[in-house]
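Take a look at the structure below.
Order of writing sets the labels: A, B and C. Residues in every chain begin at 1.
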């Protein structure tokens, strides 16, 4: 039985529906990601789980209990805010100890647990600093520690890394994942960065306009997008409409055909292999370890990625080539 | 300027000299303002301060200051202090509650701008017209007094109340003190972020815990500082009290007013000492306000 | 719990409304009672046709306008210069502009009487015109905190430095930079400072009374001491003048936004 289940969740603000028919279930100890473009309702769902917004309809259950209308204080769900939301009048120790104080723990226990978690998030030496005396990454770790120390049943993180620079992001990303594994915490992580989602999560929920577009293990969502939206959002998929697909490949489909750029093989123009397409190189871009070509084939421009092994690998613009695409690498999407 | 390489070392010094001369030219840009402030703000005040330490012939004396501790003058300071403190404390408490109600009380959106505009008006509606308004309300023939007598069978003035009393004056001062508080405390309340409340809730804190541990400690310097500003505001006010009570109420601004008009005292230098006393009181409370405000700003992320 | 706190908020607002409206209602009601046989606007008629009212209100209006002009001419270039060239002086200037809140008006005017009396080096209280000038300067002093704050905020909202440099590179002289580039962009800030100044100056009592000038404030006081119904009518008129000034500030604050976007 799943630990957290959400059934038919709806949320309406005034007259526009922000979340509709949202369903999900996650297991204890799982790390899942909500991935989606800005404004698709990620924060709203998170806030409903935490209890800051009341759903218009639907149900949220944790461990079998219906918590849809429980007050946030009683839910035992930890939240890390995008803007940190550290209390400016308290230093690091006081901020982290606040939740324990609210639970009426005694002083010695608070001190012990706070010290423990401070070590866990590597903030030793900063105990008496106030939020305005910390860097962005340090503040975010205080926010994380503050949510962790009360041992929440579920931890919610709303784009916790988006305000940080790339290097600290990567670092904290690993740190968060590491702590989550060690504590076995059920965690929902919100992001609109697909790389972040791919590297961190057990499972990804791709969201679009208030509903789940696709859910699945990270590599599945990446390699087998179910819809055009997911294909566009997850990678640089080539997307062919039904007419182009028919003309180029002789296949009849509904919707779109999605082909990843690295799954198209480039052969030289005299290749005798069957089932290949003629193409002309229109443009190339050097992207470090790969070269990205724009290849025109029968009036359709395809993106093709090739490994950049030696300097002689680069094919000049205008080169005639043949393209081979395996059936297995073509995905029909809605 | 020389172009030999070793002159590079002197370059910064040359720039500083040039910088200084342009700086003194730049000073000219604010000279009119500084001159104005000197002539109409600083010198007049300074000359009073000096006068407070001189006798009629211009010799140094502490006699004027000593006279401030006469019973009648001391009591005037005391009443002024009481009225100012009462209207400042009452004004800041009520103003805070009103602002909180309008901003965080979950009321319809039009309440807030209405309150703000009205506060702008009412905080400037001090002085003589205000005293007229309160005489029409709570004076012997005032509407509330009459209504209470006719319909509730309650004789307000029978209880010893008078609009000319300490209580009456405080009630009147509140009319501009409360709106002033609303205006100056609103930015501080706006600074309370909703995520703090939510973070507190998700950590198990109740609404009371939020106010006690987070909101009040954050607002505290602003509230205290605003109260001091309100205090200074009331302490220096002349017109309202004068129009309300004439010279009958013995508070410092009225004492000073009468002294300047030559109605009561005829001791110029004592007048200077009275003025000095007022500046010391309002100056201290304003200094407190500025200090607390800078503290409140520093604490914010 | 949410609904009890909302109830508390409503109660607070209701009590506040009562406290603030009652005196206005009472004053208005009282001002209508001049005729024994029922409500009338008699008191307003009497007040508005009193030559003393017209003269003093006119005098104070003139004083307010002069105060605003002098205040703007004094404050705008200063605030501009501070922002552009002398940011180091900002604390000093800000401190000076706050002084009128620290030093009570009665103390300032007392200082004038000592410093500029008829036997001093600069006998500004010697004749009427000079005293008018002194009164106006005292009003500029009173208005400093309001004027400086709103104009400084207005200047901060636009990028003064870039605008100035752009104008300079196009060959504009200092006066035309100020008049044609800076002024128009902070017009709404200046105007809101101006109306606030107007509201403060129009009924001012202490300065005018002690300098012995025939302004509206001392007139109000005189009527208050000697008449019964007219003071209420005057209070209502004064309240409406204040309200109009604040209302105009709101109007200009609202109009400021689109104006700034096109700039």
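Criterion: a residue touches a chain if its C-beta (ideal position, glycine included) is under 8 Å from a C-beta of that chain, and two chains touch if they have at least 3 such contacts.
Fair warning: this is a prediction, and the values are worked out from it, not measured in the lab.
Peer 1: For the protein chains shown, what form does their contact graph take: line, ring, star, complete or other?
Peer 2: Line.
Peer 1: Tally the contacting C-beta pairs at the B-C interface and at the A-B interface, and name the larger one.
Peer 2: B-C
Peer 1: Can you check how far apart chain A and chain C are, centre to centre, with Cα atoms defining each centre and the answer in Å?
Peer 2: That gives a centre separation of 57 Å.
Peer 1: So the centre of each chain is just the mean of its C-alpha atoms; given that, what is the distance between chain B and chain C in Å?
Peer 2: 17
Peer 1: Taking each chain's centre as its mean C-alpha position, how far apart are chain A and chain B in Å?
Peer 2: The separation of the two C-alpha centroids amounts to 54 Å.
Peer 1: Spell out the residues on chain C that touch chain B in their complex, using ranges where they run on.
Peer 2: 1-2, 5-6, 8-10, 12-13, 16, 19-20, 22-27, 29-31, 74-75, 77-78, 81-82, 85-86, 89, 93, 96, 98-115, 137-138, 140-141, 196, 199-200, 203-206, 210, 217, 220-221, 224-225, 231-232, 234-235, 238-239, 242-243, 245-247, 249-250
Peer 1: Give the list of chain B residues in touch with chain C in this complex.
Peer 2: Residues of chain B touching chain C: 26-27, 29-30, 32-34, 36-37, 39-48, 51, 94, 97-98, 100-102, 104-107, 111, 115, 117-118, 120-122, 124-125, 127-137, 141-144, 174-175, 178-179, 207, 229, 232-233, 235-239, 242-243, 246, 253, 256-257, 260-261, 268, 271-272, 275, 278-279, 282-283, 286, 290.
Peer 1: With touch defined as at the start, can you tell me which chain B residues reach chain A in the complex?
Peer 2: For chain B paired with chain A, touching residues are 193, 195-196, 198-206, 209, 213-214, 217-218, 298-301.
Peer 1: So in the complex, which bits of chain A are touching chain B?
Peer 2: Residue list for chain A touching chain B: 50-52, 71-79, 81, 83-90, 98-99, 101-103, 130-132, 146-147, 150.
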